[in-house]
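In the two complexes that follow, chain A is the common piece, with chain B as its partner first and chain C second.
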Partner chain A sequence: MTGDPNLPNRTSSTGQGGPGPGPLGPDETFQDVSGPAELRYVYAVTRPFEGVLPEEGGRGLDGEPPRLLHHEGLVAVVSPVPAADFDEAPLKAHLEDLDWLAGTARTHQAVVTALTAVTTPLPLRLATLCRDDDGVRRLLEDGRARFVRALERLDGRVEWGVKVYAEAAPKKAAAPVAPPSPDKPGAGRSYLQQRLAQKRSRETESRNADALCRTLHTELSQKAEAAQLHRLQDGRISGRTGQNVLNAAYLVPRADSEAFVEQVQALSPEEGGGVTVELTGPWAPYSFTGIGDEEGTA
Partner chain B sequence: MTHYTDDHDIDALAQREIALVDLLDRLLGGGVVLSGDLTLRIADVDLVRIDLNALISSVSENVPSPFEDLN
Partner chain C sequence: MSTAARMPDPYGSGGGANLADILERVLDKGVVIAGDIKINLLDIELLTIKLRLIVASVDKAKEMGIDWWEDDPSLSSGARRREIAEENERLKRRIADLEAAAPELERAKDGQAEQA
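Let's look at the complex of A and B:
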C-alpha cells in the first residue's frame, strides 16, 4: 500500500524547475531562488481524536506517518513533500503521468483510510498544498465554519459506491447473422427477421438496465442520507466490458452499512441477465464533503 | 449470489483492491476543494496524454468549489 515504487522520491531539486538559469555557480543553491524546499500536503481535516493511526496504510507521501497539526479545535493531517515535485509547475507535469497520479492517489487514500479507523475524516481534494505550517493554519482558519459543519454532518457516516453495467449482448446473440444468399427463396426475409430480433434483444437489455438503475437509485436513496451521481465511467479506461449506466455514491451511517449492503444485494439481478451491479466501499465520505453547504440538494 | 451480510464480509469488501478509476472519481471529483497557498486547479492540467478527461468526473464544470468565495 505504501512506498509506491512509482512515486518519485527526489530530495534534490535538480532538473525540476523548468528552464533553469543555467549552471549554478559554486555558491548558489536552489533554495535561494525558489523559496522553501518543502511544502505541506494536506490529506484531510478532522476533529481532535484519541488513539493512533494504524501502522499499516498510515504512511504518507514522504514514507513517514503523517503529522497532525492542531489548530483551534481542528486537526490538519499533513506530510512534508518536496517542492521539486509538488510546486505548481512540477505538479502539473506529474499529474499527466498516470503512474505518478495513481501512486499519489493511493497514498492519499491510504492515509484517509487509516484515519477512518480512529475518526471520521473530512477528505480534501487530491493535491491540496500549503507553503508551510502557517499556511496550513490559515487554511484551517479560513475554512473553519464549513469544516465544523461538514464534520458534524458526516460524523459516523461512510460512503458506498454502486455502479451498474449493461453487459455486451450475450454470446448467442453476438454471432453475426449470415447475409442472405440470393439463390434461397425467403432467405432475405429470414435475414431481416433475425436482424430485427437482435435489435429488439439489445433494446430489451437497454430497457432492463435503465429500469434497474431507476429502481436501485430510488430504493438506495431512500435508505441513504444523501446520494450523489458521478459521471459515468469510460470503459476504455476502467478496462471493463459492458457499458457503465449508473455510477452513484450513497452516504450511510456506519451502523446501517450492513443493511444497506444487503439491500444492494437484494436488488441486484441474477448473474447472466446482461446487467451487473458492482458495490465498492466503505469509503470515507469523499463525495459528500460539500454537504451542509447546499442543504437538501443531494 | 454472494451476500455480504456480516462484518467479516464487509471487511473483505473493504480490503479489495480499489480500481483507480473509482479512486479518482472521489479524489478528483470529491473531497473538499479549497485554496491552500498553492491551489492547483486540476481542470487546468493538460490531461490529454492519457485521456484522463474521460476518467475523472471532476475536471468538468459540474463540481463548483464550495470554498472559492472565501478567498
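Let's look at the complex of A and C:
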C-alpha cells in the first residue's frame, strides 16, 4: 500500500492548483447534484512539503490518507466527509455526543500529528468544513495573510504540554492510620495526633505543589519562545486522579526540544511526593496559532 | 513522567495525551476560520458542560490552597488577559446575536398581543 503512486497524501510538484495526484473521480461526480453528498473537512494548512505522511495516524475521517490540496503556495490537508454527518444540522447533533466528538477529535489530532513528522502544520479548529474543493481554495485565499504569518512564525517549532497534579488524596493518606483500639491507653490521643500530622502534611503538599508550579512555569517560560496557560482539567474528562494545578503549553524550536524535555525532568520532583509532573508532546503548535496575529496588530 | 527519550518523534496516536489534552487543543485552540459550514462550537451544549467541569476543577484547587496563578500577575496576566479578551469577544458576539433577535421577538410578542 505504501508504494501506491495514487495515494493522495503524496506531494507532487505538479500539484499546484489541484488536489495533487489523487484520483479526482469522486470530486467530479457530485458537482452537479443539488447539494453535495460529500463535504471537505480541513484539518490543517501547511507549506508544500516533501515526504510522505507516516502510515500510522495518517488516516483521515474517511479512513483514507488525507488529500493535499495545493493552492498558491499553501496546502490544505483535507478529507472528503459525508454531508449526512457534517452538514450544519447533523454536525450540531453529533457534537453533543461525547463519543462522536472524542473520536473525531482524535482523528483530527492524529492527522495533525502525522503532519508534524514532515512539516510544521497550522492546525485548524475542529470541524472546519467546505462544500467542495473550490470552497477550500477560497478558505486558503481568505486566510492567506494569517496563514503565511503564522506558518513563518511557527516554522520548525513544536508545542510541549506540561501539567502538574497534586495527588492530595485524603482517603489514601488516611488509610494507614489504625483506628484507636479501646484497650490501649492513649490510643485515642495518638490517633488524633496522627490525623493532625496528616492534615499538616497535606497542607505542606499543597504548598509544595503551589511552589513547584511557579518554579516550573517561570523556568520553562524562559526556555521556551512562548508560553500559554490552559484551563485546569477536570478528572472526569482527563481520566486522571489527582487535582490538576498547572496546565501549560510551551512553544519550543524542534532542535531545542531535547534540552527542554531534560529541563522538565530536572525540575520534576521525585515520585511519591504527592506532586506529579506530566509532559505531553510534541504537539503541533495548536496553542500558538494566534501568535502571528498578535504580533501583526501589536 | 513519560517523556520522549530523544528528539521528539511525533508521539504515537494519543501517547501520553488524555482526551482533555486533545479536546482543549482541537476545540479551543487552532486557527478559527470560517468554512462554508457555519458552526459555532461555543453554542454546543457539551462545551458548556465542559466549561462547568473546568470551573469546578479550579474551585477544588483553590480549596486545597493552590492558586499560584492568581496572586502572581507576572506569571499569568498575559494568558488571563487573552482569555478575558476572548471571553469579551464571545460575549459581545452573543449580545449582538441576541440584540439582532430581540426586535423580532418584540414584534412577535406585539403581534400576539394585538391578536389577543
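Just so it is clear, the second predicted complex is superposed on the first by the 230 of 298 C-alpha atoms of A that agree within 3 Å, B and C clash if a C-alpha of one lies under 4 Å from a C-alpha of the other, contacts with A are read in each partner's own complex, and residues count from 1 in each chain.
In this section, a residue touches a chain if its C-beta (ideal position, glycine included) is under 8 Å from a C-beta of that chain, and two chains touch if they have at least 3 such contacts.
Please read all numbers here as calculations on a predicted model, not as lab measurements.
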Superposed partners chain B and chain C on chain A - clash or fit: clash
Touching partner for A:Pro253 - first (chain B), second (chain C), both, neither: neither
Partner chain(s) touched by A:Asp142 [first = chain B, second = chain C, both, neither]: both
More chain A residues in contact - chain B or chain C: C
Partner chain(s) touched by A:Leu129 [first = chain B, second = chain C, both, neither]: both
Touched partner set for A:Ser287, first chain B, second chain C, both or neither: both
First (chain B), second (chain C), both or neither touched by A:Pro65: neither
Which of chain B and chain C A:Gly273 touches, first, second, both or neither: neither
On chain A, positions contacted by chain B and by chain C: 39-40, 42, 45, 86-88, 91-92, 95-96, 98, 101-102, 105-106, 108-109, 122-131, 135, 139, 142-143, 146-147, 150, 161, 228, 230-231, 233-234, 236-238, 247, 257-258, 261, 265, 268, 279-283, 286-287, 289-290
Residue ranges of chain A touching chain B (in the complex, touch as defined): 39-40, 42, 45, 86-88, 91-92, 95-96, 98, 101-102, 105-106, 108-109, 122-132, 135-136, 138-139, 142-143, 146-147, 150, 159, 161, 228, 230-231, 233-234, 236-238, 247, 249, 257-258, 261-262, 265, 268, 270-271, 279-283, 286-290, 293-294
Interfacial residue positions of chain B with respect to chain A in the complex: 1-7, 10, 13-14, 18-40, 42, 44-47, 49-52, 54-55, 57-58, 60, 62, 66-67, 70-71
Residue ranges of chain C in contact with chain A within the complex: 1-4, 6-14, 16-39, 41, 44-46, 50, 53-54, 56-58, 60-61, 64-69, 72, 75-76, 79-80
Residues of chain A touching chain C in the complex: 39-40, 42, 45, 54, 56-57, 86-88, 91-92, 95-96, 98, 101-102, 105-106, 108-110, 113-114, 116-117, 122-131, 135, 139, 142-143, 146-147, 150, 158, 161, 166, 168, 202-203, 206-207, 209-211, 213-214, 217-218, 221, 227-240, 243-247, 254, 257-258, 261, 264-265, 268, 276-283, 286-287, 289-290
